[in-house]
Amino acid sequence: MNNSVPVSDFTVECLKLGKTYPPDITALQNVSLTAAPGEILFVTGVSGAGKSTLLKLICRRESPSGGMVMLFGQNLARIGSAEMQLIRRRIGVAYQDFRLLPDLSVMHNVAMAMEVDYRPRRLIRQRVGRLLEQLGLTDKERRPVSDLSLGEQQRVAVARAAANQPALLLADEPTGNLDEKSGALVMALFRELAAAGTTVIAATHDEKLHRDSGHQVLRLERGCLVEDTRHEKAY
Amino acid sequence: MKKRTNPIPQILRQTGSNLAKTWPTQIMGLFTVMLAVLIFSFFLLVHLNMLATGARLGEELRLTVYLEREIEPPLMARLEQQIRQFGDIAEVRYTSRQEAFARFADQLGEERDILDNLGPEFLPPSIEVTPKPSLRSPDDLERLAAHLLTLPDTTRVQYGREWLRRFSAFNRVLQAVVLISGVLLILNMIFTISHSTRLAMAARREEIEILRLLGASRSYISIPFVAEGLLQGGLGSGLGMAALWLFYQRIGNPVNDPGLLGLFTPSFLPLPVTAGIIVGGTLLCVVSSLLVVNKALRI
Amino acid sequence: MNNSVPVSDFTVECLKLGKTYPPDITALQNVSLTAAPGEILFVTGVSGAGKSTLLKLICRRESPSGGMVMLFGQNLARIGSAEMQLIRRRIGVAYQDFRLLPDLSVMHNVAMAMEVDYRPRRLIRQRVGRLLEQLGLTDKERRPVSDLSLGEQQRVAVARAAANQPALLLADEPTGNLDEKSGALVMALFRELAAAGTTVIAATHDEKLHRDSGHQVLRLERGCLVEDTRHEKAY
Amino acid sequence: MKKRTNPIPQILRQTGSNLAKTWPTQIMGLFTVMLAVLIFSFFLLVHLNMLATGARLGEELRLTVYLEREIEPPLMARLEQQIRQFGDIAEVRYTSRQEAFARFADQLGEERDILDNLGPEFLPPSIEVTPKPSLRSPDDLERLAAHLLTLPDTTRVQYGREWLRRFSAFNRVLQAVVLISGVLLILNMIFTISHSTRLAMAARREEIEILRLLGASRSYISIPFVAEGLLQGGLGSGLGMAALWLFYQRIGNPVNDPGLLGLFTPSFLPLPVTAGIIVGGTLLCVVSSLLVVNKALRI
């Protein structure tokens, strides 16, 4: 963003997005949404509704079969692979299956996101230490990830996604393995990031997380958007 | 504007930490590369020496033109000119009756006493013609012999037809063996090194994929692997050649034994070949690493 | 059990069970519990409380540092490896990280549990088909597991654990990735199994799952049992 | 009581489905085994033939006892007995003046006309003594020669001292080369096959662990892998030997050329060796599979 002219007020804009997996599994249909800087957006829906697919399309882990995604005002499909690398460093993703390196320490796993962005080592140490503290993982920081309980691993995944203070944070089911208290730590982190301008999009089936939170909620059903708390009238 | 540092130290650190983490695999890989290079160069050494011996045998090949009578130097000079006209002649040498007798006695060695009651007259004078290596096929020599028969005073042209056929059959076998074994051993080296690289990589495919998801640049991901291939290939090839040198010292000595009378004087691989093998082995490792990392990056 | 004399009315008995991971991480301390055939038991607690550790000790994926586990009336520590294989086939475990084979089809993954027990193929087909139907996965049965959403994978893991109609079913966070509706399918399956005599032990942070269910609940806190709904007075 | 079936068909099905799922890796593995076996047996073939040639050269070794005068058969029989007393004598043969002359003329070949004006009398009669292979060291022959000198009527004992030294030096080199290359090639075969097995296994470690968690018996898990090793090893070794046979047909022919005059008559690996290599290669694959699967089972 530093060297491109912003053409949009939104971090993410999806236009009539659709995804059909071969041979004919329609996971997403005609989904449009926008997310502005500082906004927290929840994507809900039953298992298999298409939540993960939507997030994968936004970070280009899958390519859409229809429609388009605008990221930081650029058409995602048109971004070259070198520039995409830079953009990936500005997007933090907490995957539903974590995708951590089990043999590396917790610290190292989180630091990786900053190392690939060539951040100074002192800054990395500070930031990683602070994040692990916020998520209640300080006493695990030197342990290999494989020694952690799954709920702990989930928080490491969230910490890594937040490490670069990304412009966009995608979190897929970030509290699936977490109890209410740990879940609250994660939500607090999201709010802090959002306050600093990060757009947070979280997919979740956990009603506690978004109910009465005042944040926007999109509900998917069999790949279709059936509820959008901001445009109630549209449905 | 976020703070960023020079990427080079970070990439180097990454390389170092990779090496430190995976050293058991690295050592195995090193040993594998060393073995592959050693096997290849060992047989190259043996075969080059065999080829050299073959060539040295070939140098013993010459045609003898028997003459009716002794020849004076001026006539000899004319004859030599006529002979060299044929082309590809390495040497032309006149042998008088006296010299022929002395040499025959020499050849008989311990049996020379059977000549005791014979005078040098019973052997005819001759001219020995040594062809260049380019002129060693049975057909060429047949033509050369025919040419030599047209010279004045020639009674007979003789050359080791039997010997020549032995020699060229031997050479053909040798060349087939060298060719087949070369192909087999190069295949073996490629297979071994690529297996070892893929084995080392299998454990790290996950790491590569995650680095990509985090937006690491291609060079950030590839450089550690390529550096590893470079190190492993260079060290492995170097150690392989060093091991070969040790073997050579052990076998070379019994061979240098005067027993073989210069027929087989062993020599180590020439420096350019040694360098070539080391560079080749290293390159093979680097290319193999690059291929594997690129395949992993494509996924 | 068929060829050993039952010496206990309980499927599982844990006596002063403790587990310390090297170097000095105490994950479980002095935990005693019993579970009878047909009983459903919930183990709850915050992330890192030791729920998974408890289940791992019961199925001998880890060995205890103190105390002992009696399984089907036998001391687990004394069971030879050949007999343990037979016992494993009588225990179904739904792992928190699923442990499915991503390249195999859903059907094949579930069938595996019955194949290693040399069940007849017709029986396998029937049972697998029925389980997948119960968990709402019939239309995915021929897909490789890697194509499934995580919630779907979680249900496959539960199906595999239930395949052999085990005497003991251990389920670690079986609804972590599931919405309320899919979670209910899983619970219904557990109840059906329990009715046929299976002992079900489920670790979960999901209050919805056990609150007001009438089933027994154990609560762990930093590795210690702090609540046992059957022996309220003990604490 | 729950219904259970015979485990064998289930295990076989498991093996078959494993093979079907992983055939690209299987084919690569097959090719690797084939290459390793081919390289090993190729050099074994070359070296065995070289050793056979060495042995054949050794057979040409004999000592000649020159005698003062022709010997009648009864005396000869006594002499022969005396000679054989030394032990390890393969053959004893008397050569009269007449025979000696004929043979010398033969040896001279095209140059025989130099003997035209000589009679058979100028060569002495002799006894040729051929030692057994166990009596071929320079020292032993020295002792044998001394023994022969004590015979009556002996003027001189002669044997190719030079030639013998050449031959034994050549044999020493050959043996060193055969030894080193044997070790290297066996190492190569072991490395290649174990690499290939580990590579095939890397992809399936997860599967093994899950099968264990489900309570699969050791044989249920191992048999498919061992069967795979058996198939791959047997087929790969067989194909490797088949390829060697094809090569042999191609090289064998130029060598069978009468050019080499029986000095080098090539022969394929004897049947027991061929069988041994195939069995050995297969065993190596099976053992390697077992080791890897056992390692995976232990985890």
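Of note:
Think of it as A, B, C and D in the order they're written, each chain with its own count starting at 1.
Note that in this section a residue touches a chain if its C-beta (ideal position, glycine included) is under 8 Å from a C-beta of that chain, and two chains touch if they have at least 3 such contacts.
By chain, UniProt protein names: A, C = Cell division ATP-binding protein FtsE; B, D = Cell division protein FtsX.
All of these numbers come straight from a predicted model, not from anything done at the bench.
Think of each touching pair as a link: the shortest run of links from chain B (Cell division protein FtsX) to chain D (Cell division protein FtsX) has 1 of them. The most distant chain from chain B (Cell division protein FtsX) is C, comparing centres defined as mean Cα coordinates. The geometric centre of chain A is 68 Å away from that of chain D (Cell division protein FtsX), both derived from CA atoms.
One simple way to say how far apart two chains are is to compare their mean CA positions; for chain A and chain C this gives 31 Å.
Separating the CA-averaged centres of chain A and chain B (Cell division protein FtsX) is a span of 62 Å.
Multi-chain contact residues of chain A, defined as those touching 2 or more other chains: none present. Counting only residues that touch two or more partner chains, chain B (Cell division protein FtsX) has none. Chain contacts here close into one cycle, and each chain has exactly two touching partners. All chain pairs that count as touching, in label order, are A-B, A-C, B-D, C-D. Every residue of chain B (Cell division protein FtsX) that touches chain D (Cell division protein FtsX) in the complex is listed here, in rising order: 32, 35-36, 38-39, 42-43, 46, 109-111, 114, 117-118, 122-123, 158, 162, 165-166, 168-170, 172-173, 176-177, 180-181, 184-185, 187-188, 191-192, 195-196, 198-199, 202-203, 247, 250-251, 254-255, 257-261, 263-264. Those residues of chain D (Cell division protein FtsX) lying in contact with chain C across their complex are 1-7, 10, 14, 21, 206-207, 209-211, 213-218, 220. Residues 2, 61, 82, 84-91, 93, 99-101, 103, 112-113, 115-121, 123, 160 of chain C are the ones that touch chain D (Cell division protein FtsX) when the two sit in their complex. Within the complex formed with chain C, the chain A residues making contact are 21, 25, 45-48, 51-52, 96-97, 147, 149-152, 154-155, 173, 176-182, 205, 207.
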